[in-house]
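There are two complexes below, and they share subunit A, which is joined by subunit B in the first and by subunit C in the second.
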Partner chain A sequence: MRRTQTATLKIASAVLFLLCLLVAVPLLINATGRSDLYYTLTSVALLSIISAGVWITFYIGRINIGQGAYALTGGYVSAILVMNYGVSFWLTLPLAGLFCAAASVLIGLPILRLRGVYFAMVSLVLTEVARLLALALPITNGASGIVSIPLPSRLSLFGLTLIPDFATLANPRLGFYIASVLLMALCFLGLYRLAHSRIGQLCQSLQQNEELASSIGVNIAYLRVIAYALSSFLGGVGGAMFASISQSIYPSSFTVADSVNFMLNCFLGGLGYVLGPMLGTFVLYFGWDLLFQTGEFQLLIFSTVLIVLMLVLPNGLMSLALPRKRSL
Partner chain B sequence: MEQVIANGLYLGAQYALIALGLTLIFALMNVLNFAHGQMYVLGGFVTYAIYGQLKLPFVVALLCSGVTLAIFGALMEKFLFRTVIRRSKREESTMLLAAATAFFLDAVVLLLFGEKQRGVPKIISGVFVSERVILPYDRILVGVIAILMIAAFMLFMQYSKPGRAMRALAQDRVAAQLMGVKVERYSMIGFALGAMLAGVVGGLLVSITGVNSGIGGPISIKAFLMVMIGGAGVVGGAIAGGFILGMMESVGLTVLREYGDITYLVIFALLMIFLSIRPHGLMGKPWG
Partner chain C sequence: MSDILEIVELTKRFGGLVAVNNVSFAVREREILSVIGPNGAGKSTLFKLISSFLRPSHGEVRLRGERISGLAPHIAARKGVVRTFQETTIFKNMTVRDNVVTAHHLRSHATLAGFYFGSAAARNDLDAFGTSADEILAFLGLKALSDEIASNLPHGHLRALGIAIALATDPAVILLDEPFAGMNHDETRRALEIVRKLRERGITVLLVEHDMPAVMSISDRIVVINFGQKIAEGTPTEIQKNPKVIEAYLGAEDESIGL
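For the complex of A and B:
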């Protein structure tokens, strides 16, 4: 009885939150006239999708600092498909994700055998590899990148327009905002299901002790590749969306600093909570933006706050709201 | 070819010194020090300020770099890392802390010294010219100092009391504590020593390549590479990794010149293949 009650409560609050984002936020922005906030909020939504990917790898006990590589790859795949082959953007979105997932299976098979710091370091190097590849490959157009990517076109099913052509929209920013928020909702819904499913439980067993899990009969090699592929899929989708919003992609669009930031988002939000990456991204991104007024001291204050946060709340922000729920 | 090898050795000696500090911190604390490159930059700027601007002797500047960084490292261990390790549920949290310190150092260096590329006058002028090899004297000097420091560091770790204590700590923290090693004190000394090494290398190299506030990140990545090649937490591995990377870079820049700027791409690809065969590097412990 109790359980169904809390379940309905959770669903209700999730729906309320989504409605808030989709209706109340645009109304507020219209009222205050700060339409630049659309871009900020869209970025937060997309970055939290990418960070959610990192969170999955944390869930199997790997520190992933290579998410920037997949975000960059996703962005390039989408941009090249749209520009060179005229594929509709909405089709390239899953394609970019799938491409990244396939690439991550190939890369992951050898490197997922590494653990702890070794995996962290290799994944960090991976971001650098992606950047160098983007510079060296002929199709990515080197350092000048791919620019003036057209806005997403119309998506229709059986003659019914599902998504209008963004170029004809009065406010394409609002369109991108809604699309990103919906994507984010979808992503975190999936993440929540994953974390509470059988596979999620198995992933936690990997996080705690791989040998033990393997001795009980968990196929650890298979599981960790799947988790890593999912993580890269999210990275690719997020990166593709980003390329479309900024209508350009460069080798320096996602760098090592971004990869580290994705990891920080997860840490800051709390690794034990599904919504951790979302909260972490929001706080980190807005904190950084707010500090813009402090000019040259921006980075100094930002990093000091991070250090203090780490000292006071080493288990993430979410550990404030849900104290001791999981502690043993 | 001799020229390439000489360049490789010179690069390798510096790289090994950088990697030594990183691997020492990792072995003692299980902390991946993201701020290592930034410590290197700070050391470089201290030397720049003292040798380049105040015109004091280079040796004094180098000492100051080392001491500043040692103090900084000790404080960082005592007040930041120790606290977080004690309070956190997952030990990966130290990575966030290390990344935040890296940002912090970046900001400090940027505020104090600006974003310009800084250089200092040469320590000694002149170029060594023989039939096959051409090397400026200051590079030779820096290379020799680096190798001497590596030797001194190894002797210190091997024969001195703190060195023995730190090796014991790296092998087994609990057992070392039971044997009466003051774990906290030696962790702090180790962290200070690692930071000092980074600072001294920064000071040494400012006389040749100069320094700017943006190179901290790339230096950290190179240091990670070396540590991965040699095996994390192993002193010999760090030295081997440093020399291997230096040699690969030197050879790669010559051999792959006509294909454009792909040396590091090749090195990364080789590293992936190498790591899939030997996941813990040349000499690393399993699951270090």
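For the complex of A and C:
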């Protein structure tokens, strides 16, 4: 009885939150005329999708500082498919994710054996490798990157228009905002289901004790790769969407600093909470912007606040809202 | 009774050190067989070889004639050989019940996708895991602690939880590495009772233990290892009289073999 009640409450608040983002926020932006906020909020939504991927690797006990590599790869895959092969952007979105997932299986098989700081270091190097590859490969067009990517075209099913051609929209920014929010909702719904299903329990068993997990018959190498592939899939999708919004992608679009931020988003939000990466991204993004006025002290203040927050709230910001609700 | 497990010329080298040296013996169906020996004799290494946590340098282990060594731990577990750990090894941030529910992995019929989307098979599995976990917890006297976070348990219960986790895999052979270590007299007595009950469930038990009175009282047979080599094998009475065993344990306190 109580369980169904909390479940209803959860669904209700999720729907309310989504309505807020899809209806109230655009109305508010319209009223205030701050349409630049669309770009900011769209970025937060997409960055939180990419960070959600990092959260999955945390969930199996790996510190992943390499998500920038997959975001970058996703961006290029989408851009190249759209520009060179005329593929519809909406189709390149899952394709970019799948490409990254496939690549991460090949990369993950050897490196996921590493634990702790060793995995973290190798993953950090990945982002740099991806950048160098983007500079060197003929298809990525070197340092000048890929520019003037057309806006997403119409998506229709059986003649029915599902998504209009973005180039015909009066306000493509609103279009991107809506698309990104829906994508984010889908991503976190999927993540919530994962964490609360038996798979989440198996991931936790890896995080807490890999030896014990293998002794009870869990194929730990397989599960690790699956989790890493899911993580990279989200990185690729987020990166593809970014490339389309900025209509360009460069080797420096996602750097080591971005990879570090994706990880910090998860830390700050709370590794034990599904919504942690979303909250963390939001706070970190706006926190950084708010400190802009402090000029040269921006980074110093930012880092200090971050360190203090992590010391005071080791379980992340979400632990304020949901104090010690089991370990999930 | 027939042999369930055959250990054949098992050898493990770590660089120059031969931790397990050409050890052979057989384990009968549903017996309690103890492996004893001084510290560093190679007992834990032997268990890790049998459960495929380590790859042998030479020799092999057969379960009902089928090789199970040199594979991977999860494959040995799937075939029915499961170990517990010398050090406390649990999923420390899960509740006691979730520890045991998680450990039912090998009994799943549903696929990972099935668990994700909540297929009928997955729901059946989850119900069955819950029922079986409750039964195992009751069996080991942990029922009242079901909802405790595992890391909060007192030592004796942690050992029992380790056994509960192994039991959840429905093993044919269970390898217990020093299950009575750090227990007081009462706890040991209860743990001995549990080991006897494991056998009643049809499980073959291999035991590494330093508590000699406990070993002597519970074992059907004993294998003695010293410096990686098997130096004796027999019933508790035979082992207590064996001059090689007495010699190996001399230098340590005489009481340690229960003489």
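Criterion: the second predicted complex is superposed on the first by the 326 of 328 C-alpha atoms of A that agree within 3 Å, B and C clash if a C-alpha of one lies under 4 Å from a C-alpha of the other, contacts with A are read in each partner's own complex, and residues count from 1 in each chain.
Keep in mind that, in the parts below, a residue touches a chain if its C-beta (ideal position, glycine included) is under 8 Å from a C-beta of that chain, and two chains touch if they have at least 3 such contacts.
Note that this is a predicted model, so its numbers are computed, not measured.
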| item | value |
| --- | --- |
| Fit or clash - subunit C, subunit B, common subunit A | fit |
| First (subunit B), second (subunit C), both or neither touched by A:194 | second |
| If touched residues of subunit A are counted for subunit B and for subunit C, the larger one | B |
| Angle at subunit A between subunit B and subunit C, C-alpha centres, nearest 10 degrees | 70 |
| First (subunit B), second (subunit C), both or neither touched by A:212 | second |
| Which superposed partner A:18 touches (first subunit B, second subunit C, both, neither) | neither |
| Subunit B versus subunit C as contact partner of A:202, first or second or both or neither | second |
| First (subunit B), second (subunit C), both or neither touched by A:220 | second |
| Gap in Å between nearest CA atoms once subunit C and subunit B share a frame through chain A | 10 |
| Subunit A residues contacted in one complex by subunit B, in the other by subunit C | 327 |
| In the complex with subunit C, residue positions of subunit A that touch it | 193-194, 197-199, 201-202, 204-205, 208-209, 211-212, 214-220, 226, 326-327 |
| Residues of subunit C that touch subunit A when the two form their complex | 51, 53, 72-74, 77-78, 82-83, 85, 89-95, 98, 101-103, 105-106, 108, 112, 115-116, 118, 122, 125-126, 149, 165-166, 168-169 |
| Residues of subunit A that touch subunit B when the two form their complex | 58, 63, 107, 110-111, 113-118, 120-122, 124-125, 128-129, 132-133, 135-136, 256-257, 260, 263-264, 267-268, 271-272, 296-300, 302-304, 306-307, 310-311, 314-315, 327 |
| Residues of subunit B that touch subunit A when the two form their complex | 26, 30, 32, 34, 80, 83-84, 87-90, 92-93, 95-97, 99-101, 103-104, 106-108, 110-111, 217, 221, 224-225, 227-228, 232, 260-262, 264-265, 268-269, 271-273, 275-276, 279-281, 284, 287-288 |
